[in-house]
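Following are the structures in question.
Two complexes, one shared chain (subunit A), two partners (subunit B, subunit C).
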Partner chain A sequence: MQWETVIGLEVHTQLTTQSKIFSGASIAFGAEPNTQACAVDLALPGVLPVLNQGAVERAVKFGLAIGAKLNRVNLFARKNYFYPDLPKGYQISQFELPIVEGGALTIQVPSSESGQAESKTVRLTRAHLEEDAGKSLHEDFHGMTGIDLNRAGTPLLEIVSEPDMRSAKEAVAYAKALHNLVTWIGICDGNMQEGSFRVDANVSVRPKGQQEFGTRREIKNLNSFRFLEQAIDYEVRWQIEQIEDGHKIQQATVLFDPDTGETRMMRTKEEAHDYRYFPDPDLLPVRLDDDLIAQMQGELPELPQAKQARYQQDYLLSAYDAGLLTQSLAHANYFEAALKTLNTDDLTVGAKHVANWMNGELASALNKADLSIAQSPISPDSLAGLLKRSADNTLNARLAKEVFAAMWAGEGEADAIIEARGLKQMSDSGEIEKIIDEVLAANQKSVEEFRAGKDKAFNALVGQVMKASRGKANPAQVNELLKKKLAG
Partner chain B sequence: MSLSLEDIQRIARLARIRVTETEAAQTGDQLNGIFKLIEQMQAVDTSGVAPMAHAQEVYQRLREDAVTEPNRREAFQAIAPQTEAGLYLVPKVIE
Partner chain C sequence: MIHANLKQLSALLAENKTSSVELCTEYLDRIAALNPTLNAFITVDRERTLAEARTADARRAQGEAGPLLGVPIAHKDIFCAEGWLTTCGSKMLSNFVSPYDAHIVSQFKAAGMPSLGKTNMDEFAMGSSNETSFFGPVKNPWDLKAVPGGSSGGAAACVAARLAPAATGTDTGGSIRQPAALCNITGLKPTYGVCSRYGMIAFASSLDQAGPMAQSAEDCALLLNAMAGFDRRDSTSLQREQEDYSRDLAQPLKGLKIGLPKEFFGEGLSADTAKAIEAAIAEYKKLGAETVEVSLPNMGLSVPVYYVLAPAEASSNLSRFDGVRYGHRAAEYGDLTDMYEKSRAEGFGAEVKRRILIGTYVLSHGYYDAYYIQAQKLRRLIAQDFIEAFKQCDVILGPTAPTTAFDLGAKNADPVQMYLSDIYTIAVNLAGLPGMSLPCGFGTDGRPIGLQLIGNYFAEAKMLNVAHQYQLATDWHQRKPEGI
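Entry: the complex of A and B
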C-alpha cells in the first residue's frame, strides 16, 4: 500500500523583548537561577499581570508579515494544569480569540530529482501570545526536584500551521522558512540551542488517496532541524509498520531521543490533560488600534519573499540563487554590501558574480568551519575586493580560489595577497609565447601526435604550459597562442 | 446538566483537592445548584449577541517593555520550605 504522510507544526518562538510578558523581570539568558523571577512570576498572593506592549507589537508584526487576520480584540485565557515549574497552577495563554489568525508562508522544498527547489504554500492556523513555564531540574538534589523560575513568564508566540506538509523535508523547509521570517523581522533571535525556537510536530499517515486524516501523534520539543527530520522519518516508519502489522495508532504525545533516533511515548490521549481553559479575569481584552498596526507595518523591512522576487527581477538571478541569498537577513545584507562595493557597470553581471561566490566557495568554507554568514572571516568588502581582481582578469579561476583560501586563512585583502605571492595572471603574450616554445621543444612527441590528428595531445600541451607558468597564464590565451604556433 | 459523584471525584483530582465521600456528595449538591442557575441563564435566547469577555467596554492597558524588577531572590527564598544552589526544591516530579 502507498502511504501519505500528513504533518502540522506548532512552533514556540521566544520574543525579543527586554522584560517578561506580564512582569518587569528580565528575560536575559543564562542568569543565576531565580535571580530573574519576581513576585508576579512566582505567583505570590495579590500580584496581577500587566501585559507587555513589546510582546503585542511583535505578534502584530508577525501577523502582518504572513498576511494574517489580526483580531482587533483578542483575549487571554487560563490553561490549567499542575506542575511545580508553573507556580500559578495555570499558564496564561490565548484560546478563543488569538491575536493572529490565518495567513500563509511560501516555502522552497528541495527536490531530490531536479536538485532545484519547488515552491509550496503552507497555511497557518493561528499564532497566539503566551507565557513560558519555569525549568525543572531532576538530577542531584537528593531525591528532590530543583525549580528555576527565571524562564517563567518569558513571552512566547506559538505559531500553529495547518496540516499542509507531506514529508519530513517539507516540514523542515517550513520550519526553516519560519525561522528565517521571525529572525528577519526581529521578533525572535532564533537561537535553537537556547530554546528560542522550539518545534512540536503532529504526524499521521493515511493510505494515499484517502480523504480523512489518520490518528496523529505529537512529537514534542524538537530543538534542531536535523532532529525534526529524523524524528518525523522515524515516526512515519513506525506508524506505517504498526498499521501494516494490524495495530491501530493511538493518539499520543511522544518524545524524540536523539541518542537512539527513536520516538517514545510520553502520554496517551486518555492521560491527556484537561486544561479547562477560561478567559483570565485578571486581564482585560486587548484592543489593537490602527496607529499601532500602522506603526508596525512601517517598521517591517522588505520581507524575504519580496527580496527574493526583486533579486530575480532586477538582477536576473535564478530562483535558486535568489532563494539562497535570502535564506537569512544576514545573507541578504552580505550580498547587498558586496554588490555595492563591487560596483559593476552592469549590476546583473556583478550580482551573478557575487551570488556564485557566496553560494559556492564561501558557503562551502562556512559550512566546513561550521560558521554562520555573520561570522564569516571574509567581510563582504573583502570578497568584493577579490571579485574585482577576477573580473579584471588579474586572476584566473584557479588563482582566485587560491587567493580566497589565503583570505580565509587571514592573510589579508586580495590585492595584498596577490602582491605578496606574485599571483598576477600572466597576460603578456610575449611571456606566454616563450613558455610555449619551451614546452613545444620539450614535448616533441605530443606535437607529432597532435599533427597526426590526436586532439588529446593538444590538451596535454595546454596542461604543460599552464604548469610551466605555475597556473598564472590565462588559459584562453594559452589555447589561442598554442593553436597559432602549432598551425604555423 | 447534573454532575455524578464520579464527575466530582475527577474534578477534585484535576484540582488536586482531596475529598472524602461525604464531602464529594455535599460538593456535588452545591455544584448542581450552581448548574441549575446556569441552566436558567442558558434558557435566555442570546442568538445574535456577541459573547463578551468583560462586563464593561474597557481594554487592557499595556506596560512599556522595560526591566523594572531587581533581583530579590534572597527575600523570596527566605519563605520557601527548601532551597539549594538558588533553586526551589520540591518533591520529585517526573512526568
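Entry: the complex of A and C
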C-alpha cells in the first residue's frame, strides 16, 4: 500500500524581551540556578502577574509578518496541572482568543522528480503567548530532583501550523523558514541549543488517497533541524509498520532519543491531563489598538520573501540564488554590504558575482568550519575587495581561490595578500611570449604532435606555460599567443 | 484610651498627649490579657510592634503629621507582611514567614501605622464563622458562645473587643461586612479594583477586595484614604485620581434616595433583624432621606453563582500550595504524586478541600460550559440588576446578615446553611460594587445587628457619608461588649 505522511508543527519561540512575560526578572540564559526568579516567578503567596508589553508587541509583529488576523481583544487563560517546575500549579497561556490567528508561510521544497525547488504554502492555525516553565534537573542530585526556576515565566510565542506538510523534508523546510522569519523580524534569537526555538511535531500516516487523517502521535521538544528530520522519518516508518502488522496507532506523546534515533512513548491520550482552562482573573483582556499595530508594522523590516523577489527582479538572480541569499537576515545583510562595496557599474553583474562567491566558496568554507554567516572570518567588505581583483583580471579563478583561502586563514585583505605573495596575474604579452618561447623550445615533441593534428598537444603546451608562469599568466592571453606562435 | 476610636487616638497623638509606643503597649497588654479567650490573633510580636511604634514616634518628632501616624492597626493574616508569619489561617502556611509586604501593608507602613499582629481568619478566607481556621475559632466578644462571623472574624473581634482601633479585612463574598455586623463594628468593602490585591493571598481573584474595619464610618474613611490607589503590580487595580473619602462625610442627607430591594426583606430574614432595619430606615427618613422600592430579580441566584465561580478560581489559586517551595510538606512520602497528595491532604482543612473539589469539578472538561460559563453569564445579569436599581436610587440599604451571630458549631454540619449566611452580601462582590456594614441594633439574644449599605461603582464617599450621618444620629456603633 502507498502511504501518505501528514505533519503539523508546534513551535515554541522564546521572545527577545529583556524581562519575563509576567515579572521584571531577567531572562538572560545561563545564570546560576534560581538567581533569576523573583517573588512572582516563585509563585509566593499573594503575588500577581503583570503582562510585559514587549511580548505583546513581538507577537503582533509576527502576526503582521505572516498576514494573520490579529485578535483585537485576546485573553490569557490558566492551564492547570501540577509539576514541580510549574510554581503556580498552572501555566498562564492563551486558549480561546489567541493573539494571532491564521496566516501562512511559503516554503521551498525540493521536488522529488525534478530536484528543482518548488514553493508550497503552509497555513498557520494560530500563535499564542504563554510563559515557559522552569527546569527539573534529574541528574546531579542523588535521589532528588533539582528545580531551577530561572526559565519560569520566560515569554514564549507558540506557533501552531495546520497539518499541511507531507514529508520530513517539508517539515524541516517549514521549520527553517519559520526560524528565518522570527529571527529576521527580531522577535526570537533562534538559538536552538539554548532552547529558544523548540519544535513539537504531530505526525500521522494514512493510505494515499484517504481523506481523513490517521491517528497522530506528537514528538516533543526537538531542538535541531536534523533531529526533526530523523525523528519524523523514524516515526513514519514505525507507524506504517504498526499498521501493516495489524495494530492500531494510539494517540500519544513521544520523545525522540538522538542516541538511538528512535521515538519512545511518554504518555497516551488516556493519561493526558484535563487542564481545566479558564480565563485568568488576574489579567485583563489584552486590547490591541490601531496605533500599536501601525507602530509594529512600521518597525517590520523588508521580509524574506519580498527581498527574495526583489533580488530576482532587480539583480536578475535565479530563484535559487535569491533564496540562499535570503535564508537569513544575516545573509541578506552580508550580500547587500558586499554588493555596495563592490560598487559595479552594472549591479546585476556585481550581484551575480557576490552571489556566486557567497553561495559557493564562502558557504562551503563556513559549512566546513561549522560557522554561521555572522561568524564569518571574512567580512563583506573584505570579500568585495577580493571580488574587485577578480573582476579587473588581477586574479584568475585559481588565484582568487588561493587568495580567499589566505583571507580565511587570517592573512589580511586581498590586496595585501596579492602583494605579499606576488600573485598578480601576468598580463604583459612580452613577458608571456618569452615564457612561450622557452616552453616551445623545450617541448619540440609536443609542437610536432600538434602540427601533426593532435589537439591534445596544444592543451599540454598551455599547461606547461601556465606552470612556468607559476599560474600567474592570464590563461586567455596564453591561448591566444600560443596559437599565434604555432601558426607562425 | 483603649476605647477611643481611631480619630480620637489620632488627635491624642497630634496633641502629644500620648505616643505610639504608649498606645501600642496598652493594646499589646490588652491583647496579652484577652487573646487567650478570644483567639482573635494568630501572631503577636511585641518587639516588632514596638519597634514600628518607635519609628512612628521618631517620624512625628521630625515634624511628620499624618492622621494615621502612630495609630496601631491589626492585619488580617491573609496579607503578606515582611518578617511576619503569614498563615492565611491554614496549616499549609503555618511555617511561612513572608519575605515581602503586601501593597496594603506597605501603604499603612508608609502612613506610619504600627502593626499589632496578624488576625485570625477562616482558612484561606473560606468560611462565614471563623471556625475553619487551623488556629481554632475566634469567639465573639459580645457572647463567647457565638461565632464572630467570617472570614475576617479575628479582625472584627479584635476591633469590637478594643484589642485594636482598626483592622484590615478582605471581602470575597461578605467577609468584611458579615463579621462587622456580627461584632457591632463598621466595615467597608470598596469597589473591585480600588485596593491593590498584591500580597493579599488570593481566594477568588475576581471577587477579593481588601477593606478597612473600625469603630465608625469616619474611621473607615481615614483608613481607606491610605489603602486605596493604583498599584501597577496588580493588573486589576484601577488607575484613578486619588480621592479623599472623608470629603462628603458632613453632607446632609436631605433628598437622598435610598433603594430598598424587596428581595432583601423576604423569607429567611429573622424578625429581630427585620425590626432593626425598619428602625434604621425610619431614622434615615428623619434625616431627610426618601425610600424607593427597587428590585434585584436575580439576587436569588447569587449564592449558587458564587459557589461555582469562587471555588473555580480558588481551586486554581490554591494549586501553588504544593509543598515544593514553601509551606507544609508531608514528613514522609513515596513518589512525587504521593508528596503532593499527602502534603495537600495534611495541609488543607475540610472546607478548603470541599471548595477545591467543587472548583475542580466545575472547570472539568464537559462541565465547564454548564457551570462556569453559565455562572459567568448569570453574574452579568446580577450586576445588571444593580445598574438598573441605581437608576432609581443613590444607595441601596438592607440587612448585612439574615440573623445575629449563631452559636459556635451550629452550622458546621450543613455547609449550605453556612453559605446562606452570606446571602445579602455575595451579590455585591459578584457585581464588583462597594458595600459596608454598620451597627444598627441588637437582636432578642442581645447579639449585634448590622445594616448594609451598597453604593454605586466608586461611590465609597457617598456611602460613607450616608453611614456617618446615621452614626451622628445613633450610638449603636459606640456600644461595646461588657465583661471583657
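By definition in this document, the second predicted complex is superposed on the first by the 482 of 488 C-alpha atoms of A that agree within 3 Å, B and C clash if a C-alpha of one lies under 4 Å from a C-alpha of the other, contacts with A are read in each partner's own complex, and residues count from 1 in each chain.
Heads up, the rule we're going with is that contacts are C-beta pairs under 8 Å (C-beta built on N, C-alpha and C of every residue); 3 or more make two chains touch, one makes a residue touch a chain.
Nothing here was measured: the structure is a model prediction, and the numbers come from that model.
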Touching partner for A:S19 - first (subunit B), second (subunit C), both, neither: first
First (subunit B), second (subunit C), both or neither touched by A:L284: both
Broader residue contact with subunit A after superposition on the shared chain, subunit B or subunit C: B
Partner chain(s) touched by A:G54 [first = subunit B, second = subunit C, both, neither]: first
First, second, both or neither for A:G46, with subunit B first and subunit C second: second
First (subunit B), second (subunit C), both or neither touched by A:Q36: first
Which superposed partner A:A117 touches (first subunit B, second subunit C, both, neither): neither
Touching partner for A:P84 - first (subunit B), second (subunit C), both, neither: both
Where subunit A meets both subunit C and subunit B, residue numbers: 39, 42, 44, 50-51, 80, 82, 84, 145, 147, 274, 276, 283-284
Residues of subunit A touching subunit B in the complex: 17-19, 23-26, 32-39, 42, 44, 50-56, 73, 75, 80, 82-84, 97, 136-138, 141, 143-149, 266-267, 274, 276, 279, 283-287
Partner subunit A, residues of subunit B touching it in the complex: 14, 16, 53-54, 58-69, 71-73, 76-77, 82, 84-95
Footprint of subunit C on subunit A - complex, ascending: 39, 42-51, 78, 80, 82, 84, 87-90, 145, 147, 274, 276-278, 281-284
List of subunit C residues in touch with subunit A within their complex: 79-80, 86, 88, 93, 96, 98-100, 102, 197-202, 204-206, 232-236, 312-313, 315-316, 318-322, 324-326, 336, 340, 360, 363-365, 368, 372
